[in-house]
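What follows is subunit A paired twice: with subunit B in the first complex and subunit C in the second.
Now for the complex of A and B:
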């Protein structure tokens, strides 16, 4: 029997080897190597140094870009939440067929390259685009509105890309609500508004938190949308990292920016999770 | 659920309609724009012509990168599916020691932004001499596709009844025969979906390719991305329309075979 067990373990290992080689060779080792490059002089071979990180934290130029990245990600989270919550509520109430249709319609565009979706937005939001042409022909505005190549354009593009994660996270938590709660609340005379604030909203909080952290981290690391819809005026950390790697060729600084991006995202998500959890425990203790 | 049985549109229904419109319209608007007869990127478009489809042939970089992307995505999909299916089988069937840890290791590329994966791979590949090569690009695409295949096949195996395999082996089938005749046909939808999803992951990717491509190995999304940064013409619309129609075929296959909602079950860093 132990021999059989050992041979089973051996087969499992053999089957896992190709996958593990890919993960270790193309992901784990490169990440360690990148850390080395950011922390040591002479492309990871010289003395240990924090000079690349010091460079980032001493220059207000980089800190401004970090702040802009965080700010645009927060805006995106808020817009995704405000627009995504009603959609999730509608899906929770809808018949299964309708629910399937909405899920399909908001999911399928995500299987087409973000470059192409952003191009569509350029056609909609540009100076000669759909919105400006419509508003001008109706005589509402005299000149085109600037909807693109600024922070607004980036938030619109990111919301389009990421709202699906918010909707799915919230709708999953709404599907799980026991409908007899609403029946009970109705019998006890609670209004629709009261029902929303004492049943729907509290029970959907886990979904809101999951959607928020997911949308925030994905927004922080978006490259294509800020590059195509923000233009040169809206520089964010991923765009900066790309420029350092491919144009300035300062690879130790590029590696440090990559870790600044990863570190700040993890830090902010952790702080958010901690805040949310302590609040939840407080509620448990006070009741 | 709150089953509201009302015929007139509700506020929630109206908001939902606009959000769905917002998500779908960037793609829908491209197709009519591509038939414009002028050179302006304008909506609504003026006139009707196929000139922007004809003009694609004047730009060999788009034709070349299109074929290159198709081949890359196909090779990526086949290799990632084999690697991912083997790993999922190992984890689910043999439950080796540390299966949980190995599983999180296999999923780990999904937890790190693909931009950072691209930068790290560029640095490392430069060191070992793979930077700018086809192999380097292929390896990076396999890396970001394998986790999806593992997850899909693992989920597909969760309802698999291993007594079927035991029955086959009692009846004298060897383990290869058992896999081919019993196990594989049952998990085939999951494996197939994993392959289509891996294909699309590779075919759409920009953020990893950004650091991996060279002038001779440029993917279509990269070619469009670079072109868009310099000039915005209806040429992008005609190329995009072709990609959209092609992708729709794959999306419908995925929806029929597996269901899109199951694909997006948990965290996904597709872009």
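Now for the complex of A and C:
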């Protein structure tokens, strides 16, 4: 019997090896290399130095961009949450067929390359785009609204690509709520609104938490959408890191920016996790 | 209209698509009464309860609770208490918060909430669990908390939707005793839904037996058992030996009949009239059949109004307070329940004589199969 257990464990280990090699080779090693580049002169081979990090923290320009990156990511989370929650609620109580259809619909933008999708937004949101033309021809506005190449454009683009994570995470946790709880709350005197705030919302917290963490992390690190929808005026950290490496050829500073981004994302997600995972949350939702 | 009722159902009808799930349901429930809806699944008992609760609207008929028409009134405005089969405690609230939920909605003051929660938890004998979460409780404890939550608002009507079905046998008996005690002490008018006839008999002042959306009989547990109104009630409540038979004749007290297997016997006359040749179903309860050894000293002589047949013991089951004997008589298989006695014991394969009084056989028109 112990023999069998050991050989089972061995097989499990062996099955993990290919995956581990890939993660090690294409993720962990490059990360270590990048860290070296940010911390040592001469592309990670020379003397140890903190000069790139000092540069980041001394120049308020970089911290401003960090703040903008965080802010835009938070906006995106809030918009995804407000727009995604009703969709998730509808999905959770829809028939299986309808649920499949909605999942397909909210996933369908991802069937197109992110670049093409963003150019689609340019056509819709541009000064001479669909929305401005319509509003102007209806006489509601006299000149075009600025919907693109500003923070609004970035949030629209990010919401479009990330809302799917929010909807799926929330609908999963809504789906797990026993529907007899609503009956119980109703018979005890709770109106629909009261039922939502006292039952639905608190019991969907794990979904909100998962969706928020996913959308926030992905928004913090997204590159294509801010680059295309924000233009040169709305710079975010990933775009800045790219510019330092590819345009200024300052790999050390670029790598330091990348780690600033990683560090702040981890820090903020950790703080958020701490805030959400109260004693009650753990008691109720841990299995 | 001298008597006032807590619950009145007038010609309630409910359809799902083309199936009528509740058909012409009429019922009056007095204050403090416990009435059970009993029937197999799909009989309409839960649908009717859901209409009382306000989760469903009847298609036709009026529904009155405490003198107020309830048609169109949503569940949260009906002032009811309800206990569900799956407990339905709010998993993210502690026991105290669960119980306080309805009171908070009624804007009861904090200090009064505290007092009432403590009091009701005492009543269900779980005062020490206030800060626990539902998943930390056993099934029995959860259901007690659910009962406390339903009672704390002092509802005008208590609805119990198979509250014991998810519990194991021992606990089920314990809890039904407790619910009955609480129900009588508090005097709350109660509608209890179950498919378990023993539970129904135990709990109720009156039982409504339902089948396929139709009320088969409304009566006290004793009525239902001793004077079943229909063949369905006779078969569904308690154990029965059923025979298919044809009326062959009769006098002013009895009908003579002949079973399809060729046995003849008599059954008491009731209000219904039959003609010779009418097809009927006859039922005898296993405990009304007496069992004797063939050739024993006490062997009773044939007498008027007593049916007797001989057969062979096929199977004996000892069930504690009684023994169940399966007897083969011709092509009939008859179940007999008799008190356990260490003196007279039967053996499998032994020839026996079965007899029962004609007045203990109930006769019904044959059901259309």
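The definition used in the following text is that the second predicted complex is superposed on the first by the 254 of 287 C-alpha atoms of A that agree within 3 Å, B and C clash if a C-alpha of one lies under 4 Å from a C-alpha of the other, contacts with A are read in each partner's own complex, and residues count from 1 in each chain.
Basically, a residue touches a chain if its C-beta (ideal position, glycine included) is under 8 Å from a C-beta of that chain, and two chains touch if they have at least 3 such contacts.
This one's a predicted model, so the numbers in the text were calculated from it and none came from an experiment.
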Sharing subunit A, do subunit B and subunit C clash or fit in the superposition? fit
Kindly classify A:126 by the partners it touches after superposition: subunit B alone (first), subunit C alone (second), both, or neither? first
A:8 in the overlay: touching subunit B, subunit C, both, or neither? Say first, second, both or neither. first
Contacts for A:111 in the overlay, against subunit B (first) and subunit C (second): which applies, first, second, both or neither? first
Examine A:180 and indicate which partner it touches, taking first as subunit B and second as subunit C; both and neither are also allowed. second
Subunit A: partner with more touched residues, subunit B or subunit C: B
Examine A:102 and indicate which partner it touches, taking first as subunit B and second as subunit C; both and neither are also allowed. first
Determine, under the contact definition given at the top, whether A:260 touches first (subunit B), second (subunit C), both, or neither. neither
Where the C-alpha centre of subunit A sits as vertex, the angle toward subunit B and subunit C in the overlay (nearest 10 degrees): 90
Applying the touch criterion given at the start, work out whether A:222 contacts subunit B, subunit C, both or neither, answering first, second, both or neither. first
Should A:170 be classified as contacting the first partner (subunit B), the second (subunit C), both, or neither? neither
Across all Cα pairs of subunit B and subunit C, what is the smallest distance in the superposition, given in whole Å? 11
State which residues of subunit A lie in both footprints, the one left by subunit B and the one left by subunit C. none
Contact footprint of subunit A on subunit B as seen in their complex: 1-4, 10-13, 15-16, 19-20, 22-30, 33, 40-44, 82-84, 86-87, 89-91, 93-97, 102, 105-106, 108-109, 112-117, 119-125, 127, 139-140, 142-143, 146, 150, 200, 203-207, 210-211, 221, 224-225, 228-229, 232, 236-237, 240, 243-244, 247-248, 250-251, 254-255, 260-261, 263-264, 267, 269-271
Where on subunit A does subunit B make contact in their complex? 8-9, 11-16, 18-20, 22-23, 25-31, 33-34, 37, 43, 83-84, 86-87, 89-93, 100, 102-124, 126, 128-130, 133, 159-161, 163-164, 167-168, 175, 177, 179, 182, 214, 217-218, 220-224, 227-228, 238, 241-242, 245-246, 251, 254-255, 258, 261-262, 265
Given the complex with subunit C, which residues does subunit A contribute to the contact? 178, 180-181, 183-191, 194, 198-199, 202-203, 280, 283-284
Would you pull the subunit C residues touching subunit A in the complex into a rising list? 53-55, 74-82, 84, 86, 88-92, 101-102, 105-106, 133, 135, 149, 153, 159
